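Both complexes below contain chain A, partnered by chain B and then by chain C.
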Partner chain A sequence: MPEIVLTQASAHLRHGSNIGQPLTRRDGVLKVTGAARFAADNHPPGMLYAVLAVSSIARGRVTFLDLQAAKAHPGVVEVMTPANKPLLAEDPDAKTNPFIFRLDVLQNDHVRYANQPIAVVIAETLEAATEGATLLFPRYETEAVRIGLEAGESFIPPGVGIGNPAETHQGDVEAGLAVASRRIDATYETAAQYHNAMEPHAIVAAWDGDSLSIDMPSQGLAMALGRVAGLFGIPPESIHIRSPFLGGGFGSKGLISGPQVLGIMAARLVGRPVKLVLRREQMFGPVGHRAPTRQTVRMGSDSDGALTAIDHHTKTASSTFDDFFEPASDISHTLYASPAISTSHEAVRLDTGTPLFMRAPGEATGSIALESAIDEMAEACGMDPLAFRLKNYAEVEPISGKPFSSKALRDCYAQGAERFGWARRPLASRQMRDDAGLLVGWGMGTATFPALMFQGQARAVVRNDGTGIVETGAHDMGQGASTALAQIAADGLGLDLDQVEFRSGTSDLPDAGIAGGSSHTATAGMAIHSAGADVIARLADLATGDERSPLFGAGNAGVIARRGRLFRRDDESRSESYAEILARAGLAEIEGRGNSAADPAAQSSYAMHAHGAVFAEVKIDPELGQIRATRLVGAFAAGRVINPRLVRSQYYGGMIWGISFALHEHAVMDPRSGRPMNPNLGEYHVPVNADVPSLEAILVEEHDSYVNALGIKGVGEIGITGTAGAVANAVWHATGIRIRQFPITLDRLIEPTP
Partner chain B sequence: MNIFDYLRPATVSEAVAAASEPGSAYLAAGTNLLDLMKGGITRPRRLIDINHLPGLDRIEHLPGGGVRIGALVRNSDLAHDSDLTRRFPAVAEAILSGASAQLRNAATVGGNLLQRTRCSYFYDVASACNKREAGAGCEARGGDTRLHAVLGWSESCIATHPSDFCVPLVAFDAVVEIEGATGRREVPLESFHRLPGDAPERESVLEPGELIVSVRLPAEAAAFSAHARYLKVRERTSYAFAVVSAAAALRIEEATILEARIALGGVALKPWRTRTAEEMLAGARPDLAAFRRAAEAALADAKPSGDNAFKIELARRIVTRALVLAAAGTPERVPALPASPFAPVPGVLLHA
Partner chain C sequence: MYAFDYHKPRSLAEATALLNANPEARLLAGGMTLIPTLKQRLASPSDLVDLGGLPDLAGIFVGDGEVRIGAMTTHATVAHSAEVRAALPALAALAEGIGDPQVRHRGTIGGSISNADPAADYPAGVVGLGATVVTDRREIAADNFFTGMFETALEPGEIVRQVRFPIPEAAGYAKFPNPASRYAVAGVFVARAAGGVRVAVTGAGPSVFRVPEMEAALTASFTPEAIASVLVDADDLNTDLHATAAYRAHLVGVMAARAVTSALES
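Let's look at the complex of A and B:
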């Protein structure tokens, strides 16, 4: 034996060894073999099928439904309409806090957007319910629709996002623009997008008296529990929600949706379990979307390329009946240093469903405009876009003047640029061709996303057989939460991963906070970490206070938990296993609790954000205009990485979404009817494999002592930001044509030959 | 689901007899039909499943040099038939540029000809559509028309035919072999699909009950094999319908074009053969100027049906490019991105 065994000695310095490992998803085999049971895979005995009938008009009133025809169809059990729906304990149109959104659950005959539910047909089979819904042949009283950002009267919303002010001003923008030697003033448009997770919104609801059992995908179990309890007037303890797997959420499953509530109502009405699953086209309306925006960015810089002013104004839209305003301008608060920054929003109300949180809400939309504008500003200054960004690097958060808790963006720029080969980029546009003569362009964008935390709780147990249990109602949307959080749980208990049972995904567990805002690993992870520490502290109390223990009297020196044993910190020859400690104390198990929340003191002192730099290559056929993003390199710094494989996967997914944002994704609305015209995955384009030939994500090392004790920032959303702008900027660099309407479609590159 | 009859006839004549009842529809792979039924766009009262009919799944290389392709031959099987790929390379390239591998494994030759338009107003049952309901009106007019027809459209209908496969077929004088109650007949593919006129609900010349049993490529088409390409511009690299596509084929001897074939996809309610342009090229030298003149002629009658004027210019450029590609010679193998502008073409500078 060597005198010093590094792997043992290093344990002094490391809390554990699971965090940082690139484990594959623990539920991967279940998913690829089809054994994972998603919500709609459940079929309790006696279950009926419910199918929504949705409105084909966007504004007006339902005047007639052919209930007789629907009910006469063999297999149809009931048709739920405003006339016979079960009464709710709460008005679904009441808004008691910003996280409560108004629902369309047959409260009346009004129609306020296309694809709004207007009836629910419940039948013995899916086929019968589907046909029953068709047979309703609704008639309407139709009013003129308001679609598009020109419709309706513009106003300044009371707030944007969740409670952000609609306007923020720092310094004197007009003065900054006045003294600028170079200026740009450009308007960018982004399209409406719909989340379209692979798994549509679904619910299987079963009542037993006033107890309710629910299977449904949820990114926010505790909030869903509260909402259902409120709507149905039953205590939360009477409700059990299971959401072990989600087939994607992207924000659209953060809050229980109207159709899911209708599933519960239908089950109440017929007194049998009911399953309700949205059809793909029904996802385009009642379950949220990303609102369109028109953003005007004005910038000025001095003769050295230092920004003198940023003015970012967004026009967006909400529904006619509820408030969610895409906070697109707010991205300009944090990224680039400028003595004057002004952000503002205005909005119109349209006959659409209410927009909602969609992966990087505000940040994604704002980023493509801001990063395009920065590119235009760099061009105006005759500067390389990376040099321009470095010139205007924010050493402190520009809008607040706070220092960053950590910011390894310079490393991201450097590592990304190096890997991409950015130094070889010609400054001017339309300079590069490949061997076949395709235009080649290189563009870049800066990625950023705030490091958020919600409140969460966890419970941890060590049993007298030396194994552990950790519980928190976390949500695995496919991002791998149940794997990464189990890694944190194992380290928190000082156990190997296979010694810990990690329980999540049901509403009876401690609230893990919403899986949104890229905050889930931090929120649930810190709660788990704290719960683990609580258990270890209790074990240590038992051992150090008991003179029969080799750890007796180690209270001041402290102990280290590792591989199921507590070691005296200053003398590792003295240790005792968890099992021994519990046995002596006569305990079957010992339990600890943990909470997590953002630290208000740190928050008031520091600006907390993840950062990244994305470099994109596109190729474009010079005559035919077809565009392909041929190469992407992203380098991201987001604090501590719990599982590099899963984190890289999150960056990939975000970056692919960035391609989608820049080149593909848009909901086509008929301006006359207000109906979405491409409500299917054949025509609502997202990138296919052939659109993403080369993708790299670099995990840049970053240590943050302030965001939370584990140093975790979020990775779920940042990949979209930066990427979309990088792709758009590469299109300009390839062609010399600046397209400011997104997605960039090839028709904009086809100009008639003289 | 709507209640419908499902029949599985054993012979072609049984199938034809069964399908002669009003409200019948033939079911092959169903890659389009089942979606249409689920969406309530069509509601056939009886489905005649022809998947098990004998003899319709063969690729026959005929004594004279032509090839007869059974109506039930799956797209993938056809595209990977080595004789077909060698002799009619543009046909294979067109098939492989369509849909996805999974769809091509199922979709049939007959179904490809008879697939319905992808006009979103046709699929949106709340919109008026003359195709779905004769005389109902066309709400695509004045709606979102970026991808609609620029040739052969009428006030009644501005939809396009979505097929890739049909585009080289029509260029090569393919013949549709049809079995009906009164026996067999043949129709040139060029006359098979109908332009909308004032009756867009009639999409082809098929009479009730008639069944496509095969498609025949004449021997003469193989004479173009050294210079035959299909090019398809789309809004993502794969799994998208053509914005505009073109098949171009040339017979070249001693640096002179003896004969040209050009057809366009995505521009009209049928695959669009352009004989005027073809004739202009006969006897010409295969150079860019000649190709541009031909492209100009091919689109001479085009006019936008809405917000889609760009498609006319795009179509000119695609015809030109397809001709350039054809003149450069058929590649030895179908490129990894079939028909794509991003298909690698070693040693050929296409985009000068």
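Let's look at the complex of A and C:
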């Protein structure tokens, strides 16, 4: 039974109501029956199809396009090139804030990466547009490409991630290494990865005068609105974006992409609605990726296994024309206690699209190196990897000295290890075989991700029929946000879920903040919660100030909201329904507003992170080097869990990505042409069902009074961290061979022939 | 896809006439490689001559110490044929492991060997068993049929009608499949017959090839241990996205041993 407690308590105290229930996704039936209308399913009357022509070179200039041939093809309406594109109000190469990334929208004939759009063909049918794009037969002036971490001049980036310093030093690392009795110095490499959401980037754009209607998958409606308004010089109120469903995003739909802007430009050019959908191979370029890294980790410990120093250095890459530097080393700031910690980054500029946020940007990449290094350090100390981690357990955040707002990592270690059976693990490698003769290995990793919040707003209404409406422009990427947030909405209004209409996924609603940084439930949820509390407070004011109400005079005692009624806190026999309160006041409805933002005071006092422990079993065919991840157990503590079913599902998704990171994903770039050589899901491997073992995710209880009033941390990204390293460490434990290049390939597990 | 004219002849003579009249015509069997190639515009034939209308080209006959398979017989038909499974189970198993169900129900043995993909399974079976390829104009011994990467001894306009496999004493096929395509990263077909042992490797090199050192060792002793010390030279093998030449050379040894084990168990 939902209820709200109107007290000054900093945390939301209600348990066992809508919040905490393992509901299935509310849009599940729509999705399995095909009734859910994704962006590219929209076909407004008169719509044309736009197809990108993309560059087959990575650096140079387009010198010729056979426009005549393309335009002559039956059905082709127009070919958009730098020569005839609609003018933009803003330079797409202008960099006005850290969340603005430069776009390739035909501003000139330059090519700065392979698969960059160089023209858009607009036609009556998809087939005609596709054929028209082929008939362009572009010619180029080609320059030598810079591909790979050895290309180009290395430099220290001005910042990494979004505004993090490239270098951070705490204590004297060299001194710590000097006094260490055990040391490791290891270099790990991670491959370039592309997000590859199942749903490609798509847009359906329709202009009506200077008003613009857009169907487009988005993880950040408000930012997209601002970007489109700026580029086209129209007020945000003239733009309406609908994004009710996403077929995955993983960060690549956080910002509107160049191809989507081209769809809007194409619609402007031809004066008709236009649909543009990327082909799979076109997603390897203009819509972001995770840059490759080479990470060197040096560690030292004393004879008891206590760390004396951690030095984590990352070399990574951005594009030649914009800045995003994967903050991989920063993972070492928060996990393991050490008197000296040093992190640093360097980078090169490559002829690729600009790397962007990709699920756990920095954390995923850094975690596989850090967790491998910790495993190597434990081995050097002759210690069990779990015992070594407990020995170096951080009671306060190592880099800052701040206490944690909450940290149930010990419970995660204990529950995960118990469930997995870790205590039976032999210390040495290559000790276990199964009945079929396969090598068996067990590895572990620690998971972590910061508990972030952005700013968000929400609106809540209670109507005189006793039902409610809650609105916020939240994004359901498939993670189930519209279900979890509806649970918070119902809880906040003290109504049953079916009495509340939850509206989200369009740009005309209050800004819910970006669905990124594992922050969406916290950000949008807190705004919703606050809006609900605002409505209840207004209802309480009406009732307690009205002598005709049974709640008259209860102002000091307070009221609680439950199942559409307010109850006097100290005498629950006295209550009144929302409908009665509104009827007596002569109101059709009552509206409340809510905001959310991180609390700067709490943030300056506490380190806020979710944690977890992941245990992995792999089986390896010693003759083939073929690796199967056969069992994964993760135990995660991330504050309050709104919907255990959805949270578990998020952990599973992250853990599967961890398998992918360690064993599968690898964008192979041709160093001569600069083209991705495997831009398809046949050759860019991601785990399929056969690759995914028995998965278990344990939800470890954790209460956090500081992250936000609901106590919510994020769960979207943490599952990748820890898992990738656990799998890699299990490979070592199975074989005795330490592979430091990811993904691990089979050939490197074959013992060299003597 | 470029435009082309489509023909479905009802007789070999009609097919041959179409090919003779159109020098840029191509034969269409199951289309499992040709159609994707057309879609990607990597080929632009003027005409497609579909062999699917020639009933004589499909079918299986077992007898006289042979398994004869018509060129247009699908992989699934071979895999599920009770006669093939009884007489030459290794060949049925090979067919069962090709691609995915869609490919197995469209793709044909004649199309597979005429295309001569370096990672296709059938070339290993054809060479490993010392089969004979029967065309509309001659018989070609397996050892002379595959001449290079996507290259065969077939002349322009020559049509494969049937493949005749002698039934061996024992045979086995083992491959390491690409996890996505199920093409052989390396596949080895081993057959023991009165004349000795044949070992044919697909997937590892530019074209199917035999391994005389393994054949000699296995003729002396048909056990996996007999070839444990035979090393395959990586120099002539393929390196690509999926595997290095050195790893393929290693795989050939492992798959050969597994093929022998399979032959001994059958």
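To be clear about the criterion, the second predicted complex is superposed on the first by the 737 of 754 C-alpha atoms of A that agree within 3 Å, B and C clash if a C-alpha of one lies under 4 Å from a C-alpha of the other, contacts with A are read in each partner's own complex, and residues count from 1 in each chain.
Going forward, a contact is a pair of C-beta atoms (placed from the backbone, for glycine too) under 8 Å apart; a residue touches a chain by one contact, two chains touch by 3 or more.
Everything numeric in this text was worked out from a predicted model, so none of it was measured.
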item	value
Superposed partners chain B and chain C on chain A - clash or fit	clash
Touched partner set for A:Ser56, first chain B, second chain C, both or neither	first
Which of chain B and chain C A:Glu237 touches, first, second, both or neither	neither
Partner chain in contact with A:His685 - chain B first, chain C second, else both or neither	both
Touch count on chain A, higher of chain B and chain C	B
Partner chain(s) touched by A:Ser673 [first = chain B, second = chain C, both, neither]	first
Touching partner for A:Asp93 - first (chain B), second (chain C), both, neither	neither
Partner chain(s) touched by A:Arg628 [first = chain B, second = chain C, both, neither]	first
Which superposed partner A:Leu438 touches (first chain B, second chain C, both, neither)	first
Shared chain A surface residues [contacts with chain B and with chain C]	134, 623-626, 668, 677-678, 682-683, 685, 690-691, 746-747, 750, 753
Residues of chain C defined as touching chain A within the complex	41, 176, 179-181, 231, 241, 243-244, 246-247, 250-251, 254
Residue ranges of chain A in contact with chain C within the complex	134, 623-626, 668, 677-678, 681-683, 685, 690-691, 746-747, 750, 753
Chain B to chain A touching residues, read off their complex	1-3, 39-40, 118, 120-121, 123-127, 139, 142-144, 146, 233-240, 243, 309-311, 313-314, 317-318, 320-321, 337, 340-342, 344-346, 348-352
Of chain A, residues touching chain B in the complex	56-57, 127-128, 130-131, 134, 281, 433, 435-439, 619, 621-626, 628, 663-664, 668, 670-673, 675, 677-678, 680, 682-683, 685, 687-691, 745-747, 750-753
